[in-house]
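Inspection log for the structure reproduced underneath, given as structure tokens.
The first chain written gets the first letter, and so on, giving A, B, C and D; residue counts start at 1 in each chain.
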Amino acid sequence: MIRTETAIRVRYVETDAMGFVHHANYLSWFELARIEMLDAINLSYKELETAGYYLPVLGVAITYRKPAYFDDRLIVVCYVRDLPRLQIKIEYEIFREETLLATGSTDHAFINKEGRPIRPPKNFVDGFKTAMTG
Amino acid sequence: MIRTETAIRVRYVETDAMGFVHHANYLSWFELARIEMLDAINLSYKELETAGYYLPVLGVAITYRKPAYFDDRLIVVCYVRDLPRLQIKIEYEIFREETLLATGSTDHAFINKEGRPIRPPKNFVDGFKTAMTG
Amino acid sequence: MIRTETAIRVRYVETDAMGFVHHANYLSWFELARIEMLDAINLSYKELETAGYYLPVLGVAITYRKPAYFDDRLIVVCYVRDLPRLQIKIEYEIFREETLLATGSTDHAFINKEGRPIRPPKNFVDGFKTAMTG
Amino acid sequence: MIRTETAIRVRYVETDAMGFVHHANYLSWFELARIEMLDAINLSYKELETAGYYLPVLGVAITYRKPAYFDDRLIVVCYVRDLPRLQIKIEYEIFREETLLATGSTDHAFINKEGRPIRPPKNFVDGFKTAMTG
């Protein structure tokens, strides 16, 4: 299993009139966290796209337990339990110190520039293998 | 059951470098659709907040089947199957003409200004009852 | 001169913790208004991009006079005073009923897919000429 | 004069279908940079709001010179030349390494919870005085 942590500081633009963070922003934080998860295992999402591979989102789920507020310092924990095949699943937990604010997951496909499903490149799978088996 | 339709025209700001709509925007469209669903049954989310009730999101789920593009004219169909009690569940389908692009759901609690769970106001429940029983 | 009007209903996601619309959203409304201005003179920004022309923003300016709130029904008035050449300038006013909330302008260049400055296509200039001279 | 630097890594959600960062996001980066500028002189925007002071935006101007892209590491330089009185002006430059991508400014008023103009609190003005005079 891969487990990485991403630090977030809540931006003012991410709040809404309820005084909380608007719930849609959690998807942008998940996105940021999975890009930093790839960094952590020496893969670059930018290079993946440059090589002609895209990782669109097939599905998302989020459970919100407690609100987040402007200027909160949060940690987004990112988990990958299975090697990427045609798809990859990533799970997330968002913490403010010891308090779990939200959990979620995203599912992604690998597609090429024409939008066709495609296997992930070898260096990508190898990166996950190395990270998972140490 | 309540079923309403909301028309959306995709904004340029909602797209991303993949050339599609960024997946987080579907949550804003769902939000817009449920506000128009309330309008359709003569309830106003703005008045609900003015009266001291808030409807924060407890959970969301979205399945993305096909991408949406800049300038697409979409229909967000909104369904409510059960009367609101301490919580309310709303389901959504997004269509471009006959093509189903995405499905999803959101769960909400009613809370007061202090963030405590609270029953929805009587006129709110009555509005749903009237709409559901015709 | 071209003058068009675009109706906006403020979305919840556009508000921030101050209880107002976050100031960055006015740029998205200006964008929406200029796309509807093009519609009104029988030009399509989407077709312009399909034909290989892009209209990136070179500069913006906004003066905020009064706040906008969730659920406000606003009118964005869009003005073009001069024919597009290598650049085009568009001016905006945002009203809630008779109250002027904001004014602004955006400047745009025409570029091709390689990012090089380019003259706008003939049908585009002709569309503006027809609209301006009636 | 105060001069501070804020590091930004461009998020995927900030891009648009042109392949660049959408121009509205620069306003969120300016916002982030001025909050970090306040941090740097031992002032907290969050505490300012808790004390009942708000800093809404009266006006913005941005000149875009070169596009920013997904995953770019940018520096937002933030300048304050004059002590805050009833208003405060902040200027910005955005760099990717040595390349200047954009310049801009924002003007802000101090208001209280009722939306009335108000002088900034003494500790706030003192913080700027100390920072400016060394």
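Keep this in mind: a contact is a pair of C-beta atoms (placed from the backbone, for glycine too) under 8 Å apart; a residue touches a chain by one contact, two chains touch by 3 or more.
For clarity, every value in this text was computed on a predicted model and none was experimentally measured.
Look at the CA centroids: the one farthest from the centroid of subunit B belongs to D.
The interface with the greater count of contacting C-beta pairs, when A-B is set against A-D, is A-B. One inter-chain figure worth recording: subunit A and subunit C are separated by 34 Å, centre to centre, where each centre is the mean of the chain's CA atoms.
Chain geometry summary: the mean Cα position of subunit A and that of subunit D are 28 Å apart.
One simple way to say how far apart two chains are is to compare their mean CA positions; for subunit A and subunit B this gives 24 Å.
In subunit B, the positions touching at least two other chains are 12-13, 17, 20, 24, 27-28, 31, 49, 70.
Considering their complex, residues 17-18, 20, 23-25, 27-28, 31, 49, 54, 56-64, 67, 115 of subunit D touch subunit C. Those residues of subunit C lying in contact with subunit B across their complex are 11-13, 27-28, 31-32, 35, 44-46, 49, 70-71. Contact residues on subunit C toward subunit A in their complex (touch as defined above): 12-13, 15-17, 19-20, 22, 24, 69-70.
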